Amino acid sequence: MSENPLLDVRDLQCLFPLRKGLGDLARGKSHAVHAVDTVSFQMQRSEILALVGESGCGKSTTGRLLVKLEEATGGNIRFDGEEVGSLRGKELKSFRRRAQIIFQNPFEAFDPRLTLGASLRQALRIHGIGKNQAERDDRIASVMERSGLTPVQDFLARYPHELSGGQSQRIATVRAMLLEPDFLVADEPVSMLDVSVRADILNQLLDLRDRDGMAIVFITHDLSVARYIADRIAVMYLGMFVEIGPADAVIERPQHPYAQALLSHTLPVGDEEPVAAPVDIGGEVPTPVDVQPGCRFAGRCPFVFDRCRMETPQLKATSDDKLVACHLFDQPPA
Amino acid sequence: MAESLLTNEAAVLPTAPRRESRIRAFWRPFVASRMGPIGLGILICVALCALLAGVIAPDGPFKLGAPRLIGPGEQGHLLGTDHLGRDMLAQLVYGARVSLTIGLVAASISLFVGVVIGSVAGYFGGWVDLVLSRLTDMFLIIPAFFLIIVVVATLGSGIGYVMVVIGLTAWPTSARLMRAQTLSLRERTFIQALRALGESGPRILFRHIVPNGIQPLIANASLDIASAILIEAGLSFIGLGDPNKATWGRMIFDGRTTILTAWWASVLPGIAIIVTVLGFYLVGDGISYVLSPRSRKVSK
Amino acid sequence: MGRYISRQLASIIPTILLSIVLNFMLLHAAPGDPARVMAGKDNPSEEQIEAIRKSLGLDQPLPVQFWKYVKELAQGNLGQSITYKQPVFDLIMQRLPATLLLTVTSAVLALSIGTLLGVIAAQKSGRPVDSALSFSNYALFAIPSFWLGLIMIVIFSSKLGWLPTSGMRTVRADYTGWRDKLDVLQHLVLPVATLALVQIPIYFRITRASVQLQQREDYVTTFRATGIPEPRVFRRYALRNALLPTVTVFGLGLGFVFTGAALVEIVFAWPGIGRLTLDAVFRRDYPLLLGVYLVLAIAVSVAVLLTDIVYALLDPRIRLR
Amino acid sequence: MTESVPLLELQHLGVTYRTDRGQVSAVDDVSLQVPMGASIGLVGESGSGKSTIAMAILRLLPPNARVDGAVLVNGIDLTKQPDRRLDREWRWRQLAIVFQKSLSALSPVHRIGVQMHDVLRTHEPDLTESQRKDRIEGVLAAVHLPARVLRSYPFELSGGMMQRTMIALGLVCNPPFVIFDEATTALDVITQSQILGEIQRLKEEFDLTTMVISHDVGVINATTDIVAVLYAGQLMEVAPKRQFFTAPRHPYSQALIASVPRLRGTKERITGIPGSLPDLAHPPGGCRFAPRCPHATPACMEHTPPLIQIAPGHMVRCTEFSMKADQDVTA
């Protein structure tokens, strides 16, 4: 727990109320989807934290909460010491300049009716960066060149549908960089791209960390990509962190049963021997509606025992410089 | 400057984009729709007649004196005269002006109101959406014609009133379409990105969501113009049209009693309505053909 | 399912309330003094106007008047018709059956023919049959219903003499029993034909677009891959999915058909709500006019609710959620 | 292996789409043999034409597609058969397919059981109701699905369960050959690996010959023993799986495998492949990978190198190899 982290998230929670039918109103019952439930972590500059999990685990919602595209229903987020939840108007706008996001679908990253130049200039105009058009164009040109998107003028004159997926995603990252943010959320930026084109994006993010000291939350469902890019990995299940720690510690020595299952089911490429003995977990991911107390993975966990069904496990430090939320690791002294 | 980030050479551009100009990109599929150009041709003729009404019939539609109910082509009257001896062609061309103005003005009112209500309801959601959607449903459900009759009967049947009233009762379909478009566009990546960049709500709504969402409403607008013309004709037929304007509906009403002996008095204005309204439908069909995915290339 | 219907009900009630409020506002927007208007044309004395004003409580503040108006409405009292000196509600209820007979028959006729043509056009999409059907439907949709009525009378009554020109029954002969029914049927043919023809394009366009959409769905490809012949895939699966939207349009279509019905009733002198409304317009009979408008608004709302329920029954995605 | 007629053979298969942007050559001169009992992987990225090949085999291409070359099943060319005969004798009886988007693969307003019975009744009309019921419940059990699935509607099942249903549907007429077209792409990591395991088991149990189409080399590695690599509609390399993953010979195969981040081994910087796909409406002359190929020579740009055999069961389409082959002949 360092003293003034760039980002400090405490018990973050996000519940989506389900549409109430007349029946529910009468019975006073309200259903809610527990998308994100008491997530806590910290981030420094020049660091990439990967959020890894299957669909519905809340990783995307968490990312959107961090840049205030969603309103948290609980807990708080401190960005550079400043509480993000209460930000409105001008303060919110200056926060947005320092915390940016790139999305999964590169083909829809830009307004189809505007040329890329117009979209990039708009980003600068929103925050009044650069005194005049010329200065703005210089800024754009320099960031474009740094991302290897040359000849710059040719790209700026194009419409979004005249670009390949890889190029669109790189220009989307350029747009974010124009605001010189300190923090970036990358929400599955490569999962819609062909494998051969992903390297450019991943390397672009690595260079932002190394050269610009950027703090990046990288969201993915692919552990191999997480291993390549992240310094730390957090595995999420049904809205909660189940294991978080240095990338190699999580990949090579997973402790939480779900993390082990996720790793063992990640398909090897070529003749690599499988990572861990296959942990066979049955059933499907349950829907996170009206979640009962106890460990949410209990229903599918091969090592479940009675305490798991009663008490929700908290993230506890384990040997390997990791935090794991599982009763196997926080046994009361026998 | 720092050497380029990527170890390999600059990204190779896909082959230079052969970019069709925006107009040609619209025109090529529009012509391919076959129905579109026919409709456009019809509308151009009708518009010409309306514009040149002063030239075609310098004395205006109500000039009396000619013999009553003479057939088309007789005594210099290309399309004959009505029961008061007024020239049919003159009334038709001046009637075209009324129909086109009412159609265009009513449709633009309904398009404007529909876009504003639909986009605001779709974008802001919550109770705003609830109230506006109930309002839309109400107008959608009540029989518009009866409401128009009531309002015109109470407030007056000048052409201005008629246009505004038809416009103010035709907007729900556009509102519903625009709301659906806004709801889907609001979740699209480029709108989320603009929100994250700090762009203001209203500017996102009116500079990005409306321009991208309005295309299907344009195709729908042609249907609104057509129905406005039909409604106005109905009003005139039952005597609620603008009394001092020559309207096709009134011509049909006037010629009703003598239809067996002088068929042209009622039949010709009817055909004029059909041709004009058909023209708008066909143009609408052409526009929606341009917008539909079918006309795009098959990839993969 | 229950939740879906309760949501639909919850949306109908405010809609009707809103139309009542609009109704009340229109009543008071009438030019001049409503009491004087209510008193009618033959220059009544000041006391009479004053009496009417007091009887209608027009001197009280607007909210009180509105509350009184709503209470009256609740008991089905739509006020007194100026011209017929009868309760508006009874007048309407006398004429409504004739209009319903005309509108429902023509709507059902148009639904079946329009849907059938829509299916044929979609199956042969792109080919001459499709363009011919689409073009003729546009043309049909462009014909004003009242004008079509006139032409039908000229051809089938005057020239060929097959059918009566107007009215609902032969005036002098007072037939009874089935002979009377036959007489009404004879009178009904032309107005229903006119009204049906004008509505066919609505259902044609919806069905054609919906069938074309379903033909591009993944499950059609799956069944074609399983070797089920194309016509069978179309009949058993694509059609069933495609006809769902047509059901919802039928409810809303009734709103449209009342417009056409009014004009057709006038041309064929059919004793329905349309003609009643026309008289009310010329005699500035506001209570009658507003009564008609309100009854129709409620009728259409109920029709839309019924079609929503039918749609929910047909589509398991709504029925089971 | 006795010289048996391959279950499926593609001879110079080509597919061209007529679009308003001109003729798009989505598949160009693909020749492939799939021996009985084999499981071949068709790997290629977006725009490589892999799904078009699957649809060409089952002849389900849209009307604006033109197919050249032959598709032989047990030696009979399907492109010459009338559609009615395909329906009665080949589709689902000889070859079945499982698509990617399982949730929309069946009609949303019919129960799943009704649709499965319909398919079975089409091909085996003489079965009684109860015989059909047993057969269907048998294939459902084979993919670990409870019989209640038959009474449910597609929207009531999860992605994983629906995809298992579609696999069961594929097996219901026990066809010898099943194509999996990106069948697990839309599924989560754990569900995908479980279903891929089941596909392997079903292959033995129903002794199937399979073709697995995917952009994910991990999926190909887990389910196939022969790998065919497609790029921009052209077959670049065909090789036994072990050979393909340890010593790929075509530059595209090498670059593709190198771009995949690994869970094991040292973490060196991956480079990917610069540039982007050629525009198939105006395909470049010669080898279609040349514009992005690190070893491209002028010769690669002129004429398209042929697919030549460089080892038993190992074919490569690359100028470097075809030139070497010419030298051997002339030397």
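As written, the chain order gives the labels A, B, C and D, with residue 1 at the start of each chain.
Here is the rule we go by: a residue touches a chain if its C-beta (ideal position, glycine included) is under 8 Å from a C-beta of that chain, and two chains touch if they have at least 3 such contacts.
A quick note: this is a predicted structure, and the numbers were derived from the prediction, not measured.
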Identity of the most central chain, Cα criterion: B
Pair with more cross-chain C-beta pairs in contact, given C-D and A-D: A-D
Geometric centre distance via CA averages, chain D-chain C, whole Å: 55
Where chain A and chain D are represented by their mean Cα positions, the distance between them in whole Å: 33
Between chain D and chain B, distance of the C-alpha-averaged centres to the nearest whole Å: 49
Mean-CA-position distance for chain C and chain B (Å): 23
Numbers and ranges of chain B residues touching at least 2 other chains: 6, 11, 14
Multi-chain contact sites of chain A, meaning residues that touch two or more partners: 164, 166-167, 200, 203
Per-residue multi-chain contacts in chain D, two or more chains: 46, 269, 271, 274, 276-277
List of chain A residues in touch with chain B within their complex: 67, 69, 92-93, 96-97, 100-105, 108-113, 122-123, 126-127, 142, 145-151, 154, 158-159, 162-164, 166-167, 170, 172, 175, 179, 200, 203-204, 207, 211
Of chain B, residues touching chain A in the complex: 1-2, 4-6, 10-11, 13-14, 17, 19, 188-190, 192-199, 208, 211-212
Complex interface listing, chain C residues touching chain D: 217-219, 221-229, 232, 236-237, 240-241, 244, 314-317, 320
Touching residues (chain side chain B, partner chain C) in the complex: 34-35, 133-135, 137-138, 140-147, 149-151, 153-156, 226, 230-231, 233-234, 237-240, 249, 252, 256, 259-260, 263, 266-267, 269-270, 273-278, 281-282, 285
In the complex, chain D residues that touch chain C: 58, 60, 84, 86-88, 90-93, 96-97, 99, 101, 104-110, 115, 118-119, 122-123, 153, 155-156, 166, 169
